[in-house]
Amino acid sequence: MDLRFTPEEVAFRDEVRAFIRDNLPVDIRERMRLGYSPRKQDTVTWQRILNKKGWATMSWPKEHGGPGWTAVQKMIFLEENQMAPAPEVSSFNITMLGPVLIQFGTDEQKKRYLPRAANLDDWWCQGFSEPGAGSDLASLKTAAKRDGDHYVVNGQKIWTSTAHHADWCFLLVRTNPNAAKRQEGISFLLVDMKTPGITVRPIISIDGSHHLNEVFFDDVRVPVENRVYEENKGWDVAKFLLGNERTGIARLGKSKERVASAKEMARTVREHGKSLIEDQAFRARVAQLEIDMKALEITQYRVVSAYEKQRDGRPDPLSSVLKVKGTELLQATTELAMDVGGPMSMPIWAEELATLSNEPDVGPEWATQATGSYLFLRAASIYGGTNEIQKNILTKAVLRL
Amino acid sequence: MDLRFTPEEVAFRDEVRAFIRDNLPVDIRERMRLGYSPRKQDTVTWQRILNKKGWATMSWPKEHGGPGWTAVQKMIFLEENQMAPAPEVSSFNITMLGPVLIQFGTDEQKKRYLPRAANLDDWWCQGFSEPGAGSDLASLKTAAKRDGDHYVVNGQKIWTSTAHHADWCFLLVRTNPNAAKRQEGISFLLVDMKTPGITVRPIISIDGSHHLNEVFFDDVRVPVENRVYEENKGWDVAKFLLGNERTGIARLGKSKERVASAKEMARTVREHGKSLIEDQAFRARVAQLEIDMKALEITQYRVVSAYEKQRDGRPDPLSSVLKVKGTELLQATTELAMDVGGPMSMPIWAEELATLSNEPDVGPEWATQATGSYLFLRAASIYGGTNEIQKNILTKAVLRL
Amino acid sequence: MDFSLSDEQRLLKDSVDRLMADRYAFDQRKAYFKEAGGWSTALWSQYAELGLLGLPFAEEYGGFGGGAVDVMLVMEAFGRALILEPYLATVVLGGTALRLGGSDAVKSRVLPAIADGSMKLAFAHGERQARYDVTDVMTTARKGGGGWVLDGAKSVVTHGDCADMLVVSARTSGERDDASGITLFLVDAKANGVARRGYTLRDEQRAAEISLSGVQTDTVLGEVGNGLALVERVMEAGIAAMAAESVGCMEALHAMTLEYSRTREQFGKPIGSNQVVQHRLAEMLMSMEQGRSMAMLAAMMVDEPDAGERAHNIAMAKVGIGQAGRFVSQNAVQL
Amino acid sequence: MDFSLSDEQRLLKDSVDRLMADRYAFDQRKAYFKEAGGWSTALWSQYAELGLLGLPFAEEYGGFGGGAVDVMLVMEAFGRALILEPYLATVVLGGTALRLGGSDAVKSRVLPAIADGSMKLAFAHGERQARYDVTDVMTTARKGGGGWVLDGAKSVVTHGDCADMLVVSARTSGERDDASGITLFLVDAKANGVARRGYTLRDEQRAAEISLSGVQTDTVLGEVGNGLALVERVMEAGIAAMAAESVGCMEALHAMTLEYSRTREQFGKPIGSNQVVQHRLAEMLMSMEQGRSMAMLAAMMVDEPDAGERAHNIAMAKVGIGQAGRFVSQNAVQL
């Protein structure tokens, strides 16, 4: 047993760190350091740089263009990329769609979609959640009726991240409403977002940003060849996709970057004649976060290493620990940053305002962004399976209660 | 609306404070200040002093010898008594048995038991919990078979506080095992602990103290005249007893006294060249406790005042808030005291050890006692209806979910 | 000790609650936010008609001689609706500064105008570099032009953009962070040298950055050089009012979440049938009630004569309400 | 990075686990506690036979050259059983002081005796007034009688009552709280001037108050006047070992609570069918796993050469394991 990185792992980390330092466009890094989420073009630009290097497809097998990294290497890359901070590769393209096509797709589908997904030539979104189907995904209603060599899709999806950017959508639809079990009537389709009958309506988040959407399907014709795996077997695909290796679910690098930046900012904030970073209560709060991050870091390496050894394809229930603790930490870091900002966290720093006026900004950008992140990331304990659902999973799969 | 005490209430508080100061035996006060629970004789002595003054029977109506206090006065008395610190009057005699006899008892029973209960001439204990009947009290099995003008009782009770001190026990027994609903076959008996067939076995608590017992009933003959209320209607009596005005359930005065004493002790403890009371982190922790106590104090007065106005006899579900928050606070204060003690909280300070040897004690008594209280009062969130049960009550009675 | 409301208070509470129910549904609020100033002038007149704008002022100044509890009841109702109008800035902050610091002449001039809705105030004390330091005042005031001349900048002044008059703190002596030497002035928001930049806060209330260069005023509130005590009274009144507002927010959040837990179904049953959801709601209820107690404490303490007692208790209330607010709101979002 | 155990380590773990399973059920533990010294001499010999007592010592001293991870595995097993024997005091605390501070001569004399079970040690550093101040040493040592003469008192010395030799910290120069001037000595527990009062700690381990008056010794561990660094190494090793012990405790608590939640029935169903009980157990599991990670960190860091790194990481581990321990134990009691 040895918790230290091997010389090879150290060399790998240094290589990754150097590559990101030398290749990540400065403007992207700076915006993200201020707490903005990357713009579409930022993500595209960075993923293409990574793809050129062969690093965009971390979770794909080597024979399908993956870098062939160990679990530890994957964690190192994720953490370095998050700490940079750099945009994360499209999880829809890389973590979700890619492995699904590799596991269930036809050669035709692999050839057609994988390279473009790797290079983000196609921006994919995930058509899973519905107004009535959140935690209980299997209750989805969006219907696909067979009509010759097409499916005709009608229904509504919701909380669809970046649907307004997307070229394609992987969609869960009900192809057999009469199936004995709800899970048995579902199919997995690939849908061109330019197909007639698709309407995307924005949902503006509490931080004023536009990530989420409602997507309406009105007699949308999808070629049968765009179905992945067998008809009515889509639930197997969905389970594989959802259960698939949840490396990085803790987003620890992001938390580390947020705490580091909060400490930076605390140096610039003066209170009672000294900088906030010198305040005992603040230091204790940061120390607690760093302690929790250290524990989670080790737990994470333990889980992914064990998972790599086990490798029976089954999702590792202990990854639920990473999801819960990781999102609790991430939310705590956003709360810390907001509190560092203090009164300066109250104004909304609208980017357009800066461009529209040449007056000085309203407080430091990072402070107003901090509140945005605090508000937006309340969703972290909700998306990807609520933390309550994660505890249900632990109850069944680990405690066996 | 006015959160301040009226002049009358201030006068009452001063009267109570002065009376306790002038009449509470010093040795009792000193032992309790060190964190010891009162000995049997301490409780008897103090309750008789209070009874002489007419203050022992707070929760009894004036016509049955109660002092006729308002809800606020009751809280003031409880808090002053706890903060002294003085032994609390026997809740079994005063809060539980008294009101039950007054509500359900025959004149005979009232005449015979009430005065002796008020003066603690009879020490009562509560025979409710059984090995299989904890939170689920109605599942109790201890059986009472009618035999002429007696009941013959067989079965076992557990967690019976002070049964080893008790002269009498009020006992829940099953008189009809075939009742349609479990609640409908239960009766409420008054049992002389000297009756043949009763065996009391001590349960030593984790702090080494002896409060709890197992009580075994082996063909114990109880006169029918000792039954309170109708046969098989004992559950109504039990519900009344349990739901009965839960004034003081928060034991706020006790928490206040524990925090005050922890602050005292912190002044005597030196760390890094200064007294612990000057340590920022310690001060912040105490401040948080004092904030929570202040909030609970006001909430408590709100609840008891509202309850007094409502006065429909139904238990006030909001008293569950007092139970949960009060016990969480009490437990936090014991943890604080233990942490103040530091290494000196580790040794067991056995009283007999002190008497057996004339060597210096092992650290200050308060520190070793602090750990005892910490351990013993983990039970505070369990007894009187676990805090989880309290949240179930709030769910049903307040949230109506 | 007495927790009951007087008949007047019950009447007040009912009328404000009714107004909010009729006029401040969330979609109505959205519309008000889109109005020119970011809030509803129509509602403002309504508040005036109901006597809310003059609530805490003596009758001789067109007020109703209400106390902190009355303001508490109003702010709770406002909190439930998350109103956008400059009530806190004008009536509570500005109003307190004038009530306690204004000469009779000034009060006769300003308070009736507040009460009838024709004048709005803002409390311009905080500065960009000060964060939570009440004594960190770098704005200066020197004698000149028969009165005082103010120079400096104020930051995140709630509703500073729409205010007609500004209550401005400035240094008449001493150094940054000195407790003494701070003085409060009443300044015409349209006076020469006042530049304001308005913007929106996260809660969609408005605020402004205000710069003062050579601004003339002859109206001092309180004593010259002893303004800190008055600043603290104003902030204490503000904390008490916002504590009540927070209670209103928590009530709305808890009610909405409870309702949602009854109607939102997953896995074939309402999410409120999950015991963890039930207990979470119970814990939110407990936090809310503890917070309510703290808001009551703050209201009681606003007029406490002993400054130490007052400051200590209102500080306790501030901590308690903040913790309750975050717990309730975060869990409301989660559920 | 590698979390797998070597074959030797797996072997070690299995043998200790088996011994605990066979010989340390809770009622057996109760019996050991009633023995003369408050623990089992029979088990002590067992530990010696299994090579546990010499585990971390070099083979030349009758040890097995084991590392911190090996000690971690042993302490986890001991933690599950809550053993009473002076393993921490003798092998971990005393052993570390000797390993890092003893001359070859001293090590050759003492370590083999520890390994074969014939000698027990205790670490007599803490003093009544010191609390958590490692530098607060008032016990003094002056040259005399061809060696050193110690005077002072040590408090809550774990297993100090049964120890054959004491590792005692004393001031050879400087003032109370000075970092320099502290020296570690090896003292015969039966030497003239050593008075011990044994007693029981809350966890039923034994400890002693030790007073030293004119106690003679000629054995210095480490450098004269530079003992603090060695004290810190000893305490770091102790923290790492106790972190592992705590993980064992948490494992036992979680397993017992989980089992109880399956078998204890209320309202006609196992309490483990309540979702709040299920989630509490899940949260206990999460805390335990986070704690385990911290225990691993501490073990890894015990031999870290960089003193700053070592201290910082072991401090983090201490905080983490303490918080996890309280959460898990308190909820185990509650459920």
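We call the chains A, B, C and D, going by the order they appear; numbering starts again at 1 in every chain.
Criterion: contacts are C-beta pairs under 8 Å (C-beta built on N, C-alpha and C of every residue); 3 or more make two chains touch, one makes a residue touch a chain.
If you're wondering where the values come from, they're calculated on a predicted model, not measured in any experiment.
The most distant chain from chain A, with centres taken as the mean of CA atoms, is B.
When the interfaces B-D and A-D are ranked by C-beta pairs in contact, the top one is A-D. Remark: chain A and chain C have CA centroids separated by 39 Å (rounded to whole angstrom).
Centre-to-centre spacing of chain A and chain D amounts to 44 Å, using the average Cα coordinate of each chain. The mean-CA centres of chain C and chain D are about 57 angstrom from one another, to the nearest whole unit.
Multi-chain contact residues of chain A, defined as those touching 2 or more other chains: 388, 391. The multi-chain contact residues of chain C, meaning those touching 2 or more other chains, are 274-276, 279.
Within the complex formed with chain B, the residues of chain C that make contact are 1-5, 9, 69, 258, 261-262, 272-273, 275, 278-279, 281-283, 285-286, 289-294, 296-297, 300, 313, 316, 319-320.
Listed in rising order, the residues of chain C touching chain A in the complex are 126, 128-129, 131-133, 155-156, 177, 197, 199-203, 207, 209, 265-268, 274, 276-277, 326, 330, 333-334.
In the complex of the two chains, the chain C residues touching chain D come out as 274-276, 279. Listing the residues of chain A that touch chain C in their complex gives 132, 134-136, 139, 269-273, 335, 342-348, 350, 353, 357, 359-360, 362-363, 371, 375, 378, 381-382, 386-388, 391. For chain B in complex with chain A, the touching residues are 280-281, 284.
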